[in-house]
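In structure tokens below, several structures.
Shared between the two complexes below is chain A, which has chain B as its partner in the first and chain C in the second.
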Partner chain A sequence: MIMVKKAIYMVGIFALMLSVSGCWDANDINEASILTTVLLDKQDGEYVFYVEVANTEASGGTEGQSTQAEKFVIVKASGKTLAEAREGLNRQMRYPIYLSAVRALVLTRNVVKEDITTYLNRLRSNNDYRKKVILVTTNEKPEELFEVFKKRESVGFYIEQILEQLVAANQLTRRTTGRYIEIMTSSYSSFIIPNIRINGEAFEIDGFSVVLRNKLVGFVPNAEWNGIIFLNAKRPEINYVIPSDEVEYTILVTLKKRKVEPYYKNGQVSIKIRFVFDAEIEYSNGNDSGRLAEKDKKPVAEKLKKALERDIKSALETSQKEMKSDYFDFNNAFYMKYPRQYRELSWYEAYPKAKLEVETKIRIDELEIFDYGTHEIE
Partner chain B sequence: MATKQERFHHLVNSILKLNLNITRRTIPYEGGRLAVLYIKQLTDTKQLSENVIRPLVSASPKICLTAELAMNRFLYAADCSIKKNTAKIVDSILSGQTVILFSTDTAYLTVNLQKIERRTIPTPEIEFALRAGRDSFIENLDTNISLIRYRIKDKNLRIKMLEAGKRTKTRIAIIYLEDVANDTVVSELEKRIERIDVDGVVESGELQSLLLNNRNNLFPQMGLVERSDMACRLLLSGRVITLVEGSGLGLSAPAAFIEFFYSCDDLYENRFFGLFMRIIRYISAFTTLTASSVYVALTSFHTDAMPADYAILLAEMNSRVPFPSVVGAFLLEFLIEVIRESLLRVPRHIGSAIGIVGAIVIGQAAISAGLFSPLMLIIASVSLLTSFVAADYTLANSFRILKFMLLIITGFFGFYGFTLFLCLILSALVSLNSFGVPYMAPFAPFNLYDFIRGFIDNTAMSPLRMKYLRTKDNRRKKRQTKSKNAGSSWQQ
Partner chain C sequence: MYSSVNNRQMVYIILIVMTTYDVQSIPYILSRTTGRGGWVSVILTSLVFALIAVFITKLNNMHQGKTLFDYSRDIGGRVFAWIFRGLYLAYYFIIFVYNFTQTNNLIKAEFLDKSPIWATSLAGMVVYGLIAYRGIRNIARMFEVIVPLFLLFFILASVLALSQGLIYNIFPFFEPHRITDYLVSTQNLIVPFSGASALFAIPFTSRNKKAPIWAFFGVIMVGLYYVLLFEGCIAVAGINSMMHYKTAVIEAFRLVDFPILDRVDVFYLTVGFSGLFMGISLSYAVLVDYLCRIFSKLSRLVITIIAGCVLYTVSLFLKGLSELNDPFRIVFSVVVVISSIMAPTVLFITAKIKSAVGKNNAG
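Moving on, here comes the complex of A and B:
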């Protein structure tokens, strides 16, 4: 009787195995079209997909791999809708498309200018993509972008590596596609996407595309990078060069603490942002390199503070006045403190009118603390 | 009614008629004659001539000999006895005893003058250790027992001699420490040996399969012991050792899964090194079982679990391989098993040649010919190497079979099948027992103290024996009581 029971269990387990869908979808990795970069453009009213596909068979398998051989193939497909464009891609692929190796999604400004909701929703519903894949924008022509490495190196991998090393160096906030989708689906949708451009035989980030209500509203150039990362990166570190008399001090400024304090009074939103910076004298062009002369201490600290505030205020002004877009996520802090009021007001309207205050503290070499009080942006 | 003389002649003739190659030497004495019966190949003829035949011949012809008189007055043999059961005469001769029949006496003498060709004590071949005694068991049971006896001089060491095999009448020794070993295990072992009803038992492996409570079981339930020092260590831990005449390998019982990963080195080396090596062995066993299957699951089903750049590299490597991953993995594993088996069966000097051919054929040519992916080759080689790491090869054998089953199931169902099959193996393991001891002890049922002693710490240093063995005496060393006057001798 026990044996019969065991046999029934075994048959049951195997029947379950057989009936569970997705168990028969074995597909060897060498029989897949491995995509590493996906670029979406809009040309003449049509969506155009450019995909970089790993050319695994041309590399010669195990032996005789030539460094001159094209390791990637660019496939282009267009359609009036995203689905149509994707169908066009499918029709050109030798093997089923494998999306898990996609390292970068590149959107041209033409696409972002319109509405990226559809595309982000498409990514949201497609489980084949890793949600950690990075998203960038570009203003370059797709053909030129994919010709930078003569198809010997992956564009997607390169872009990802640029962003990863910037994140590792605390120069950038990590934002994955998954995070963009999250923001897009929230009540207030605004974010910035790194923008890449061709620089000789490489790429560089030349600024950020600002997206509000899932549409491109502007472009923030690199000049505002410092302010942006002080406002939204975790622990940014930036070098500032501060002159004092004839000596120029190179100072490494590290953000130690950032506190966003929203207030709501008489229908007015105000946000106080407190910063605590650590500043370390790296070197100078003076004789006593690395040491801050006694007479320079106060002027250097004042100048450094001014430089920091200038950068932060500039970034805030661009965000608030020019772009009217809260891509620093102040809305989250406000919502946490005033959830009922947040639901009642429209952050799209409230943010541009909000009072923003910046308070900074700088600790130079941990010897002295300078406190210069609160300043209000006009 | 037959006279004693007639009965004597009839008995001798009937024994000789059996054509068992028995040699007879007849010596007359006053009022009768005696017959010395022995098998030349099993007897020390020099001792027989000097210590048995010579004194009997030179005895006064006027003395009428009896078995008792001959034994007490004339024989110089150390091991001899008087017997009356004539039905056992042939058995005694076949076991190497010399039998002396007297025409004037119904009793007869058996003299032990066995001389069996034996090897000298060899170094271990399957249980190699860097830091341990070099003496290991041989095919001679008495020698093997002597190796244990000279290490354990305890009066509680018990050696129960049993016999198995109707034709071979193989002697089997059950060795244990009376005040330590669990009685249930000893009696169960004894019972199972007595129950054996086969024509012959010639090796301990044969006995092992006859002792199993479930013959369809894949996992070994008795440990193999080749080294006498390890046998002593096992006896001290409360286990029972079974030695079989004609076998150089002993069996230890009960044996839990965890014990198959012990090596003598673990006991003799630093405790941390022992732990490190045990972890290596566990990982190796798991690698043996799963390496190829994980490769198949990753390359055929769950490719997104791989880093993207490696996925591309793997696709490049596999692009020339004509088979799906599962077929490639299966073929390569099969080929490696063939080479392993052929290396075991051929003479050693040819073995190295086969090894080279195997390495070239599989390693270089097969990849150049596009038959296998280089990664698959690495994985199969690693799987082969890790299979040798287990301290007891019998467990590795089970894993080798399971590896193929796991590979097939993973080939059909990916990680889903992989996980399911591992669960099946685990549930099979936890449902096993070895002579009443849970096979997966101390993991299941979990016992923290045994786990620390058996898995993390060095058992040689532990003051207690394993609880799961349920030994009579759980303590290996006496509890040390702290003296109140500790250190007072310095003050005095």
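Moving on, here comes the complex of A and C:
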């Protein structure tokens, strides 16, 4: 009987040993095509995938050799459908594709112009992708985009780092692909995607692509950045330069509170957006460095208030009148307060006609190292 | 092998058995049926099942040192006893097959897609068999280590999901015109709350006198835990996404930024699955205990092996023949409703009446 028990334990241990190796899914890291960037374009009616694949063999040499060698390989494949294009990629790869290392998904505006539903649905059904992967658009030619770093640095990593540092500096809202998929499946679908362009030997965000009903409807340039992030980022911080007589004050403006109050009366949607800002004088071009002269306090605060309201109203006007797209998620605030009415109306029609009102309150102060007291203006 | 547990271990058993597999799909079930007000259905259902747990623990306390297998005969006679024995044998069998097949499907769909189910399930079956052979008391001891870890991970991940999610995703918190939906949806939560019947297989002792209070709050705790999980998942992933994923919790955790870890869902493979495996092992152990009482001449080892072979074959058969799955679900739902709500209530009322009649006769 003891022998039988031992034999059973041995079988158990053997079965466990089989399972810890990952069973049939075990895969050597050196035998995987590790993708770091995926770009999707549409050319002559066909989908074209460009993928940046880590060249694992290049990193195996000495340090001097590895810096000279191309660390990434660009592979291109096209097809009438996404599936066909992907199969084209598979046919060119030495090893099976590994998608969990993809840092950025780049969609050309040619693709977004038509429809991104299929692509986002494809991402949703594919567990190999991280749902936290970032999504950007571009108007650049794919070949030129991948040539910026001469294949010695990953385009996807670079783009991800730009976005991450902007998010960390409260200059941008972090939106993952998972969030875009969530909006896409909602009853109202509108969002903005950061757009990148080549700037010398680097990349920069030059604005946002506006997507409505899962299609590109326009582009908002960087000029409206301030207004956009005051409306949808958590606690953005932006510098404003405000002139007063002969002195120019550089003021760091921090959004402290944003409250969206929707109202619905007689079929009319109205939205009041209240902002509370902290404004801190950083420095000036005057002799007193960061000191705000008593006589300048009120005019500076009023000018700053006007500048902030101008930026916010401009962003709202572009969204409502030009794009007819609520990419500030006001629909969610409305649904929270009026769920039944929201289901009855079409936000696609209601938003462009909605009354939008902006109210700002600024608390202006000198830098904390100075003891200058505060001044409030409504 | 036949042994009792303390109150803390009992609460852990309730928690793990209830949350075994269906914890994955709570956000999926609720987002499809009630929307953002799903927490109302959860609280209502938890109150009902907390009461059922009180019935079961009171019955166990009325018959200390015995399990349902023994005291069902005292309550209603021989035929009554065999009906209940058969019912609970079917219940534990079905619970095991359900959790086992769902777990194997989950492993294949989310983590090991190239590995055949027969292989992953065989590896699992060997482990479950070894644990079941050791008996409920050993499982309860393992629960003391695994359940706190399991709870800590899920609560931490849910709180992180809530903090990283959007407030718009969880509001409106309550919609008065959807009260009917909230009530109707409680029927979808019967399976996730049905685990308290596992307590029928555990004999109580004098140290379990306060078990009804522990069991009541244990089930309420499970309800609150489901609410936290549901709110965390829809906050971070959105209700529209959650209604498309049957394994909604894993999908939501994929979006959570966790300190140190890049992919929380991979952490789920260790902590989350350990809880899942314990729940499956417990239903196997309870089944073996029952069979040992019925076939008292056979050794526990032989029963464990035979039961394992039957369970493994049936699970593979049900997986392979997808057309059988719908009838299986109907049978499963009927057995679960009878054994987790109706049977404990009938047993409790009958026992109470018998006890009152007994007292009157004695008086």
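Going forward, the second predicted complex is superposed on the first by the 337 of 378 C-alpha atoms of A that agree within 3 Å, B and C clash if a C-alpha of one lies under 4 Å from a C-alpha of the other, contacts with A are read in each partner's own complex, and residues count from 1 in each chain.
The rule is short, and it goes like this: contacts are C-beta pairs under 8 Å (C-beta built on N, C-alpha and C of every residue); 3 or more make two chains touch, one makes a residue touch a chain.
Because the structure is predicted, anything quoted here is derived from the model rather than measured.
Shared-chain residue A:Lys305: touches no atom of chain B or chain C.
Judged by the touch definition given at the top, the superposed model places A:Arg130 against both chain B and chain C. In the superposition on chain A, contact is made by A:Val11 with chain C only, not with chain B. When the two complexes are overlaid on their common chain A, residue A:Arg175 makes contact with neither chain B nor chain C. Overlap of the chain B and chain C interfaces on chain A: residues 23-25, 100, 130.
Only residues 109-116, 119-120, 122-123, 126-127, 129-130, 166, 168-169, 171-172, 175, 177, 237-238, 240-241, 244, 251, 254-255, 257, 263, 301, 305 of chain C touch chain A when the two sit together in their complex. Residue ranges of chain A in contact with chain B, taken from their complex: 13, 17, 20, 23-30, 32, 34, 36, 54, 56-57, 59, 61-63, 65, 98, 100-103, 128, 130, 157.
For chain B in complex with chain A, the touching residues are 299-301, 303-304, 306, 308-309, 311-312, 314-321, 324-326, 367-368, 370, 373-374, 411-414, 416-417, 420.
On chain A, the positions that touch chain C within their shared complex are 4-5, 8-9, 11-12, 15-16, 18-19, 22-25, 100, 124, 127, 130-132, 176, 178-179, 181-183, 185-186, 329, 332-333, 335-337, 339-340.
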